[in-house]
Amino acid sequence: MSISAEDRADNLRAMPATPGLSWIGRLLQTTSAGRVVAVTFLVVLLTFLSVYPLSMLLYGSLHSTPPGMAGTFNLDGYLQIFTQQNAVTLLNTVGIAFAKTIPSLVLAVLLAWILARTDTPMRGTLEALITLPFFIPPILTAMAWGMLGNPQVGLLNQVYQWVTGSNTAPINVYSYGGVVWHMMQYSVPFLFLLIVDAFRAMDQSLEEAARMCGASRLRTFCTVTLQLMLPALTGAAILSFIRGIENFESPLFFGTPAGIRVITTDIYDSINQRSPPEYQYATAVSFVIMALLFLIVLLQWRILRGRSFQTVTGKGYSPTVMKLGRWRWVTFAFCLLFFFVTVILPVGQLLIGSFFKFFGFYQQDMLTLEHYRAVFGSGDFWRGFSNTMLLGFVGATLTMLLGGAVAYISVRTKWRGRRLIDAMAWLPWMMPGIVLGVGFLWGFALLPHAIPIYGTIWALLLAYISLGTPLSVRIMSSAYAQLSFDLEECSRVHGGSWLQTMGRIVIALAWPSFAVGWVLLFFGIMRELSASVLLYSVGSEVLSVVLLKLWANGNAEQVSVIGLIMMGMVILFRWVQLKVIKSRINAL
Amino acid sequence: EDASWDAVVSAAKKEGKVVVYNMTLGAPYFKEVLKSFETKYGISVESLDLRASELAERIRTEQAAGRYLGDAEMISSTMIEEQLKNGDFIQKLPPIPNTANLRPPFKADDHSVPAFVQPMGILINTRLVKDEDVPRSWDDLTSPKWKGKILSDDMRPLGSGNAMFSILQKSMDADFNAKLAEQKPVFSRDMRNDARRVARGEYPIYIPQIFAFASDLKGLPVKIVIPKEGAPYARMDLAVLKNAPHPNAARLFIQHFLSVDSQLIYANAWMLPVVAGAAERADPEAQPFVNAKLIGPATLSERPSMMGLAKKLYP
Amino acid sequence: MSNVILEKVSRNFGQFVAVDGVDLRVNEGEFVTLLGPSGCGKTTTLRMVAGLEQNTGGRISIGNEIVSDAARGIFVPSERRRLGMVFQSYAIWPHMTVFDNVAYPLRVRRRPAAEILDRVTKALQLVEMEGFAQRPAPALSGGQQQRVAIARALVFEPTVLLLDEPLSNLDAKLRLQMGDEFRSIQKRLGMTSLYVTHDQSEAMALSDRVVVMDRGRIQQIGAPEDIYRYPANRIVAAFFGTPNLLEASVESCARVNERRFRLEVVGRGWRGPCEAASEVQPGQAVTVMARPEDARLAPAGSKAGADELTWSGRIAHTIFRGPIRSIVVQTDDGRLNVDAPPFGIHAVGDNVTVVVPQRAAWAVVEKAERTQ
Amino acid sequence: MSNVILEKVSRNFGQFVAVDGVDLRVNEGEFVTLLGPSGCGKTTTLRMVAGLEQNTGGRISIGNEIVSDAARGIFVPSERRRLGMVFQSYAIWPHMTVFDNVAYPLRVRRRPAAEILDRVTKALQLVEMEGFAQRPAPALSGGQQQRVAIARALVFEPTVLLLDEPLSNLDAKLRLQMGDEFRSIQKRLGMTSLYVTHDQSEAMALSDRVVVMDRGRIQQIGAPEDIYRYPANRIVAAFFGTPNLLEASVESCARVNERRFRLEVVGRGWRGPCEAASEVQPGQAVTVMARPEDARLAPAGSKAGADELTWSGRIAHTIFRGPIRSIVVQTDDGRLNVDAPPFGIHAVGDNVTVVVPQRAAWAVVEKAERTQ
């Protein structure tokens, strides 16, 4: 049996007529050519953005030397993978990814529910603040947590010893726990951002119906709210899980001292720490991981297939918050605690440290504004900053538009080829960043010289769009999945073209997600290093390269000044966005 | 000689620009040299900063794709060795007058010329290590009192840790590394931050400490010790890339880099100059470092066996 | 014990007062219907009883237990009030099948699977949806979704049932049938029911008592016949059907029995007897209500009997409505509606006399305030 | 030119045939109502006309232009069909105010702001929602939302109007009033209207023609009176109201005029005359339909006139429905429904005779297939 979502979607097939090109519009509309053109266009675009660099890597994994050099085709790369050592490493990696994804998801769901669906005090401010750790470069938080949680002189251990009088050091971030904890700093806000708007766009009457059926709040939450969130939850969880597999900084900083090996450090070593770099092995490993990860995506398709998750309906949909009574102080305290532990502690270190000559040496004679002066007075910084702003604005906007289109076709139509583009849009996320960066380098360098991409800022832009597409598609997919079809259909019937309908109804309803996606991508671009460092050229330096240089030259304090500037921007963006959301909810 | 060099200079000025691929990642002393070059000759320098393996891969890919964008590279000597082995990316080194001024044991090869040297010592926290305990020899590190107290750059993968491991393996007793391994040094992978961890007192000792990286820790309770056996080192070389679009400017740049003035800038940043006449003029503070006794270097050919050994000692 | 008592219950949305001091007592096993124009606060009242909306004033008790008291800050959450409810917007869960939707209340109560299967099947049979059990809920027509919502509310046989326009999207046949089903289930299980509808004949047919609301206030509570026959004020009178409302002034007033008075009234171009609920002073203005179905057409110039009111006029137009034909007669005092048999002899333009018996003419005093 | 023509239009959902070979021609300016039990395919039909659902078979034209042809793969998207539509689910945009919702069709047509303000205000006045213009659309009652949906469909005066149960959540008064508004706007602008409702009297009152559907197929198309009086088959007969349907067999058949035949039939415990649309062979089984409002009660034992059918029985129960009282009489041939005046003299248990005139008894042949 088919389901209505798909059947209805079937009807939104034709492309809109644009005024000047109305004859094309008519041609596309009266035949089924329109959707073929649309899908083909996206397939070609995604092929260039993600399949092409991946195919370079595939070549690399099957060839004894990287592209452009003489060598032979063989399977050595793949054969090398199957060692016992790698099996352990893989288990380790998957274990860590699970260990961080599951508690992160629980925390994120809890926070999203508290901040989006209850009347917890100051939830607007808290919502903007608790996501901050996500936007700080990981090296900084790693350093901050190293200072807080090292067993010898870590602040937390010293406080513990001072309070209890014992001389044991219970906290050691250089451990499995530390790796997982550091990852959670990123995955909780990430998951939170991805799901919070799904929580907000929830028709309350669906929950009310469950409570009228006798279900407690908790049960309602589990059987109705969470289930209706499945597209958002599974999408976000998979993104986060994959990130966990591919996370590199946390195991590098906190795992190495404890002897923890994960796949990515393995890949990193095989490229950066071998001579000559073993690209064949690195790419082969990446493809094996990618194949495994794709299984999870298939699982998600299975879970969601044939079900509808439309919570925003054309009939009495009213997004109101739940009155918690006295419990709201409990939820408030919980958020505050979370805020303190994940934001105040590390960010506080960075903030204080940025006013001293050296981190960790808080003596009066070392107080200085030198780091701020150095950053603001640096031509490198401003050049990187303006390039990154340009790339961020353009890149995030284009990526969201592309993601919006792909998600629209894959979620809200029944066109042939929609699964294909959905799958293609996943690809860049499944390839570890360090490897994919090399793929872009090879791909862009080997393009015919007539295509002027290599060595220009456009190479970076294309790489960013490719890297960001999976995220934008996931975000927009889960937002679209919530909208009931009649909202869109009604617009079409009343004369709105497809584009008008997209702009005024679909995006307008999904815009909180759109905005969150945009912010995530914008800051993703600010942070992206692996591809940036391989593709940037003189004149097109980006902020992440500037940060790398500062760090490598021992200017950790300046790096954190820049980190703090980035955070300031996040606060600004989110504050504006949440204010608009709030004004809308208050109007009800 | 002079006349033909003048021709090079004027050709370089006509080219107007030189693109230098390097792995200094925008270090201030490198930038200072660039600036002096630019002011002296009016030729602009575009410096592309990358990490070692990225730099190598980018050069390889560009050469393979026929995109000849870079002129000169400044990269570690083993990388040069590797490039020569794996492909055809480097031109034969054109004649450069200042190579005559190299001080022993440095000398120019067919393809490259030494640029500067980064020796490594031991970093100690002056608050945690009492004067009488300060290690004066590499062997002192194997004393039981340091068990579990040494922070070290990871010796297994390529990098400073492994370079030190290889060189000490050759120059110290055969079982030195085995004994060191028994001290259970704690590995880490971020040299800059690790030095600060020692300064903050997490560990009393850090190895290997590149001298230059400690020059900006002034004011912190740390000190570099140069063991009596000498300092293992890594050497950076300069070379000209194949099909360089600005070959004369590249030559001129190398010439300038090997001038005493440029080398003095490096010496003052606690690096070992490669030409005669610079060390003597360095700051008093830098003196112990610019004339340090060197041991090494590590060579490409012994690297696999050394990495294998490191993996065995540190499973 | 499952009576429902509302005492001075109010609800504001910001400045706007949606429900204003509602006093209502629904006895155990009683079937009470809320009637009123769109937007008068019916749904809000129901939602307050359900605990989905918090009353900003007053007190609500269910089964003699206070579940919500604005003054004392008492508020029992919905799931502990043990109610069944059909939502005006259906609130069908889109991610579940029809079966799962209906089974939900039983699953929450952890009933054995066999019992669930059995009761869900019965409930689906009741709403004639047994063939759709495995269909995803959104793949249903509007009326079918509504029926699923009904089945879901009935399946666990709650002691108090709240129904918000549960039959609005069903055809007349099914409405009638479902209405009767409600009534019989309700009687059998002794469920206390609060029913919102906009269909007056449904309200009349099903209810023990009808509550007429307007702009957040109760206008009248009473048995269907009383409300229909003896409206307390003009609002209630005007709400049911399309009655003829005529301005008149009282000439004399005499008591008929303990509940009714006979008035002689005079209007624009007519005069005659009618009845009222209270004594009215001569000279006072009243509105006389005469329902179309009580009026009949007589040949032009017919004389009025002693207990009859008459108007003479001309047929302006007629509308066929199935069982009856609506005839609009233009008289000196405006247009009068008369229900005539569908295949009568009257044609547009005929001169006729409209006759209404005294018993069917009911006078209400202008600007009457709310009465119980 | 804005007629709507459906030719052999079908729509399958997987295996399930929701609409099955519908042939329908709605002339320009005509008001046609689709009637039928819940789930019979009314909404689906409307959605196919609107271009929201693609017909899997057949052809649809609007204004003599083919907008959808399954065989030739033609499909004109909704926004180019220039329709107005009221959705069964309202489809109110939750992120807009009432004003913005209604203004939308004008905004996408880029009308000047002054015109928008003017027309939206008028449309809102029409549905009595002018006071709510700046309210966010979700903060409305169910009926108010429905009225916004109506205003939105009317605001740009489309040439073809599709209405899917537009009045289902309104009270009787507003229904009547809005129905009349529709009708007069529709007449004034000459809009072609396709109207779905489950309310028969609404359908009767508003429509030029009524289409009765059942299980995806058209059962009968005709003027309201014809459909009501002279149903083509048992399904149609049973659909309207609660007619008494009685099995009988034909004894003789005689032509009355070119459209009707007079039959003598015999049933279980009764016999007498009735009428039919076609000639029926003696001995054949027919179903005789007698509507409650055509039946009257006579004292027990009354004799039948020549042109009357009679049943004797006992009153089983009575239901007050406002203008009438439904009386159920238990006879030898099952229960009969009779509509009596609400304040009659009949009590449960009385023995009575049910009398139906020949003209009001209509016989349909069993298992009649669809007719036009």
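To keep things simple, chains are lettered A, B, C and D as they appear, and every chain counts its residues starting from 1.
Note that a residue touches a chain if its C-beta (ideal position, glycine included) is under 8 Å from a C-beta of that chain, and two chains touch if they have at least 3 such contacts.
This one's a predicted model, so the numbers in the text were calculated from it and none came from an experiment.
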For chain B and chain D, the touch-path distance in steps comes out at 2
Just how far, in Å, is the C-alpha centre of chain D from the one of chain A?
54
Can you give the whole-Å distance between the Cα centres of chain A and chain B?
37
Chain C and chain D have mean C-alpha positions lying a whole-number Å distance apart equal to 23
Let me have the rounded angstrom distance from the C-alpha centre of chain A over to the C-alpha centre of chain C, please.
55
Provide the list of chain A residues touching at least two other chains, using ranges where the numbers run on.
1-2, 4, 7, 313, 315-316
Residues of chain D that touch two or more other chains sit at 13, 89, 139, 142
Would you give the residues of chain B that are in contact with at least 2 other chains, written as numbers and ranges?
none
Contact pairs between chains, per stated definition:
A-B, A-C, A-D, C-D
Flag every residue of chain D that touches chain A in the complex, lowest number first.
13-16, 50-54, 73-85, 87, 89-95, 104-105, 107-109, 136, 138-139, 142, 145, 152-153, 156, 162
State the interface residues of chain C toward chain D in the complex, per the touch definition above.
13, 35-39, 42-44, 88-89, 139-144, 146-147, 164-165, 168-176, 198-201, 204-205, 224-225, 228, 238-242, 291-293, 319-324, 326, 339, 341-343, 359
Under the stated contact criterion, what part of chain A meets chain B in this complex?
66-69, 139, 143, 146-147, 150, 152-153, 174, 252-253, 256-257, 259, 269, 271-277, 357-361, 366, 380, 438, 441-442, 445-446, 449, 454-455, 533-534, 537-539, 545, 548-554, 556
Would you mind writing out the residues of chain B in touch with chain A in their complex?
19, 25-28, 46-54, 56-58, 60-67, 69, 78-79, 82, 86-87, 154, 157-159, 186-190, 192-193, 195-197, 199-203, 213, 216-217, 219-220, 300, 303
The residues of chain A that touch chain C in their complex are 1-5, 7, 203, 205-206, 208-217, 219-220, 223-224, 227-228, 230, 306-311, 313, 315-316, 323, 325
